[in-house]
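Next up: the structures, one after another.
Here come two complexes built around subunit A, the first alongside subunit B, the second alongside subunit C.
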Partner chain A sequence: MKTILASLAVAVETGKRNDAKNLTQSLVDKGMAPLDIVEQGLVPGMSAIGNKFKKNEVFVPEMLIAARAMKECMILLEPLLAKAGIKPKHTVVIGTVQGDLHDIGKNLVSMMLKGANFGVIDLGANVDPSKFAAAAKEHGASLIALSALLTTTMPAMKTTVDAIRASDMAKLKIMIGGAPISQEYADQIGADGYSADAASAVDLALSLVGETH
Partner chain B sequence: MTIPVHPPVGGPHPLPPPGDSAEPLSHWLETHGHPLNTRCGGRGLCNGCQIRVESPAGIVTERACQLTASDLPADLTRIQIPLTSCRDASLHGVTVFELRNPGPPPPTRPGVGLALDIGTTTVAGALWDFSTGRCLAEAAVANAQRRHGDNVVARISFSIDHADGLGRLRRALLNETLRPLIAGLCRDAGIAPAAITQAVAAGNPAMLHTLAGASLVGLATFPFHPVFLGDHHLTAADHGLPFACPLDLLPALGPFVGADITAGALASGLLADEPPALLIDFGTNGEILLKHAGGYLATATAAGPAFEGGRLACGAPARPGVISSLTRENGVWSWTLTGGGNGRPAGISGAAYVDFIALGARDDLINAFGRFNRRHPGVITVADAAPGAGVRVQLTEDLYVSEADVAELLQAKAAIAAGVTTLLELASIRATDLHTLYVAGGFGYHLQPANAQALGLLPAMPLDRIALIGNSSLGGASLLLHPHQRPALNALLADTHVIELNQIASFGDHFTDALSLPD
Partner chain C sequence: MTSKQRIRAAIEHRQPDRIPVDFGASFITGIHCSVVEALRHHYGLPKRPVKVCEPYQMLGEIEDDLRAALGVDTTPVFPNRTIFGFVNENWREYRTPWGQLVLVSEHFKTIENDRGTYIFPQGDPTVPPSGHMPKTGYFFDSIVRQGEIDEDNLDVADNMEEFGLMTPAEESYWKKEAARLRGSDHAVVTHLNGTGLGDIALVPAPFLKKPKGVRDIAGWYMTVAANPGFVGKLFDRQVEVAIENLHRLHAIAGDVIDVVVVCGTDFGTQESTFCSRATYDALWHPRYKRINDWIHAHTSWKTFKHSCGAVENFMPNFIASGFDIINPVQCSAKGMEAKLLKARYGDRITFWGGGVNTQKTLPFCTPEEVRREVLERCETFAPGGGFVFDAIHNVQALTPTANVVAMIEAVKSFNGVR
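For the complex of A and B:
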């Protein structure tokens, strides 16, 4: 099983989605617990590519290809995790703000967060500001992540932060990201954190929920 | 005290130091008549605005957008602006177009027509003599709005975020771009501007909105509410244009699928073709129009500026002196320059990058994910390079391609390829079934189709069905100077369904598929 797990980590890291899916299925067939497959196969694979990304050894295309390999594995594992009653320690609500339809960057962050054992509630793109706090309440989330890809849709990020702060979920941590976003903007609109890319988004999420790693 | 600035042409130009100590030197140079190529929007992501800072300690090359006066050495001897850093006045290939639409030539009549293609990057125009049917002059100039951002979204933001933003965009386009262009065309043609009797403009909705002085707010966020999409007529006098006839703005298909595609559909001959046929107009927004048995599907896809050389370490638009195509024989790269000649290459055009990736993959320098083969003698590793630029292939003494460049190009390629795949899928058409593929746009005109197919940028189909048609927006605007052509557009306008790619569930998957090279 150890060698299969190691192969799975490599398949995720190198974006070989069919291999990754088959290896996941064979581990399930051998009776391995789904959480162990996530923690010992998928997570090492995603963190390996995330670390390479931070060192400029790989670029966005390979990150996206790896994330999709992981997604295919998660499609197999998520029902099994739910059936086993496994609840991730932390849940994050994520979405692209109102007026913005772009979701490729947001989807990558979703997958990276799943790869770090977060429960992820993905509200999609063009999300009404009031929906974030409501979803966080419903799912017991401890973190909200907002994405905006355009300079024209950045203002909706402020509207959304204001809506969350005015709700009964006002104390929730909020992190933001997207091509035109900066730390300065995060400070300006009262978000708790900003990350420049999907790999550092995981570090930020962990630190915002009080996990050190 | 002055700062000695040495532009590439003309003598030294001593300038007063910037009044605002936080002002980037690129901005300061521009206000003194030396606009630099700030194609990444002054974000320090490209080398477009590099200047040489000289002092007794030596010469340092720096990005002017990232420097302020306080960064200059106290014993500065001079600032040199290399030719490659100047914002180019005109781009090659944007006045080349083919008129392929069938039908009899227009009847002759007195008068002179002005056709305009108002692009985000470049504005092109042509003057036509109706009495002979001849083109009297054609020219292109850079859109002066570029100083306010290198893409449509940046311009829309500028109009909203700055006091009189729309007015500043409008004046940049009218006073600094169109009027000099029209004056130059008339000079070349030997006519007075007042002799123009008919004028037609194509362009994307954001450009036509700024020209008309219409608010861009409705183009900023989804769902989009443009002020106008259909035919629009501007009174020349209200806009300070030097002729008496109105300027007719052609109708768009959607908020981001503009009149440039409407015009291109006519010029290419697509409107008269047997379906299925496809038109791809390459620009920072790639626009795609598919004719299928039941009508038309159109979309826009955000390719970004990579194919125009933007955000690439040695990238440049296809202007004279820039590498326009690459070949590789027996492990040796050779190139041709835009406009010919044997000079020292000043940059790499988008089309040459396509050649690079196709040939690099063929010869095992690059794998399917765009990673360089570090064991290949053609690949070198440079210490102390900018992030992502350390592993590279050196093409000339000055010019190289890095893994980061290839990653940028693969994302631009994926945006176009996924757009095409999604439209074909929605219409249940295989690429090999396409009767014709028209490739329009300045970048498209310089493409080598076989290499573009090796990259997956153009769909796999027989090469003899692919036509490079140049600036079909200018071509279509020229045709539409003749009123009898206008009814041909009605079916297109009535039967086109515009697709928002981000709302199609499979688009993201197609995008990820297209990030690597085809098998």
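For the complex of A and C:
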């Protein structure tokens, strides 16, 4: 099993989705618990690609193909996890703010968070400010992640943070990111954290929910 | 010096009489139509609806009177079809979602619903829309309309639909434009058709009615990583057609054009790049070099490469590929400090941009802070030529007019122009 898990981690890291899917299926067939496959196969694979990304050894396209491989494995595993009543320890609500249709960065963060075993509720792009707190309440989320690519939609990020702070989910941690965003802007609008890229977003998310990475 | 001489001197790394300026000569050095209207008002120019010359980013035409007021040294020839595939003609009034009365082409066909405004490719409302402007947005984004594809058996022809030979209509358009601009004392700038290799703004093909092939944005990036053989073949086919079109364009307007925008593919993110230098060298460099070498061997045109982001380590590659000009020089991205760029590459490539940060300073700081940054950039980039002043990418909607004016007046002040 350990060899297959190691091969699965490599298949995810290198974005070989057919191999990753087949290895996942073989582990399921051998009776391995789905959570163990996630934690010992998929998470190490995504963590490895994330670390290479942080060191500029791989780039966004390689991250995307790794995330796609992991997603295909999760299609096999999610029904089994649900059947076993296993829920991720932490759930994050994520979306691109109102007026902004850009979602590649948000999708990448979303996949990296899934790869770190977060439950992810993805509200998509161009999201109404009121929807984040409502979704967080509905899904018992412990974190909200906001994305914006445009300078013209940065004000919508502030409006969204204000809407969350004015709701009964006011104490939830909020992290933000996107091309024009900075730590300075996060401080200015009352967000709890900023990350510059999808790999660092995982570290930030873990620290915001009180986990170490 | 005339404006044309000034731009040419700068690109040839000779000290011009003053820093040349571009606003509005390309789709990446433009100004949003709402800001164009505000500038016309500020400079006391006749009040009339601004023409939306580029409907995707809703860029406003900078007419001769505004060009003179801003001290602009360039003039554009835009492609005869917009990014939504229609011709800008028979202008009509249109009220934008933010309430501005502008002029748009008669083929600018839209529908609205509670999610915003949707625009149709080639002005054809019988096919699905190809662009979406959210209700609170200020420009369009492409709608990805990719159908089912077999990733293991991609056909280059599917992604080649838009890269054809110049049509008689295009030749006729160019003949008229060349006649209009022959003898202009401004530097003539144009976008080349078909030389954008993997330009992510063009991959979804918002100009096509029913695009085939790889049209999804993330899907394209994944194809570059997972199937470089396909991407290389596509680029080769593109370049074959492009070189033939360069022959034709040169025959019509060889003596008129000063600068050609070759490619807008972004290689940089805020913090890093989209690929390694080795990938650039394998996939992009030989094709870019072929285009640039042809242009330099047959014309007096200068070649312009656009790439946002942290591309300091790609500068030697861009230079080796034969580009004369790099834009937008995003000095706020990692490793892109102005002084470092000028010192390392300033004698080998022209910085067209870098004038002021449009993600922070221009939209969000005070006019005095804008002025300080602009003057600092002019001090850094001006010596020895190799600099054309422009903001870092298009001036966006919601940018305070006082800040844009502070930018323009700071350049004039540096140039000793009243």
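Rule of thumb we're sticking to: the second predicted complex is superposed on the first by the 213 of 213 C-alpha atoms of A that agree within 3 Å, B and C clash if a C-alpha of one lies under 4 Å from a C-alpha of the other, contacts with A are read in each partner's own complex, and residues count from 1 in each chain.
Here is the rule we go by: a contact is a pair of C-beta atoms (placed from the backbone, for glycine too) under 8 Å apart; a residue touches a chain by one contact, two chains touch by 3 or more.
These figures come from a predicted structure and were not determined experimentally.
In this overlay on subunit A, subunit B clashes with subunit C. With both structures placed on the common chain, the touch criterion links A:Asp197 to subunit C but leaves subunit B unconnected.
Once the two complexes are overlaid on the shared chain, A:Gly50 sits clear of subunit B and of subunit C alike. Of the two partner chains placed by the overlay, neither subunit B nor subunit C lies in contact with A:Gly115.
Residues 15, 56, 59-62, 64-65, 68, 98-102, 104, 107, 126, 150-153, 156 of subunit A touch subunit B in one complex and subunit C in the other. Contact residues of subunit A toward subunit C in the complex are 15, 56, 59-62, 64-65, 68, 98-102, 104, 107, 126, 150-153, 155-156, 179-180, 182, 196-197. Against subunit A, the residues of subunit C that register as touching in their complex are 115-116, 132, 134-138, 141, 217-218, 221-222, 224-226, 269-276, 358-360, 363-364, 396-398.
Subunit B makes touch with subunit A in their complex at residues 153-154, 156-157, 160-161, 220-222, 369-371, 387-388, 390, 403-404, 407, 410-411, 414, 500, 502-503, 508-509, 511-512, 515-516. Of all the residues in subunit A, the ones that touch subunit B in their complex are 15, 56, 58-62, 64-65, 68, 98-104, 107, 125-126, 150-153, 156.
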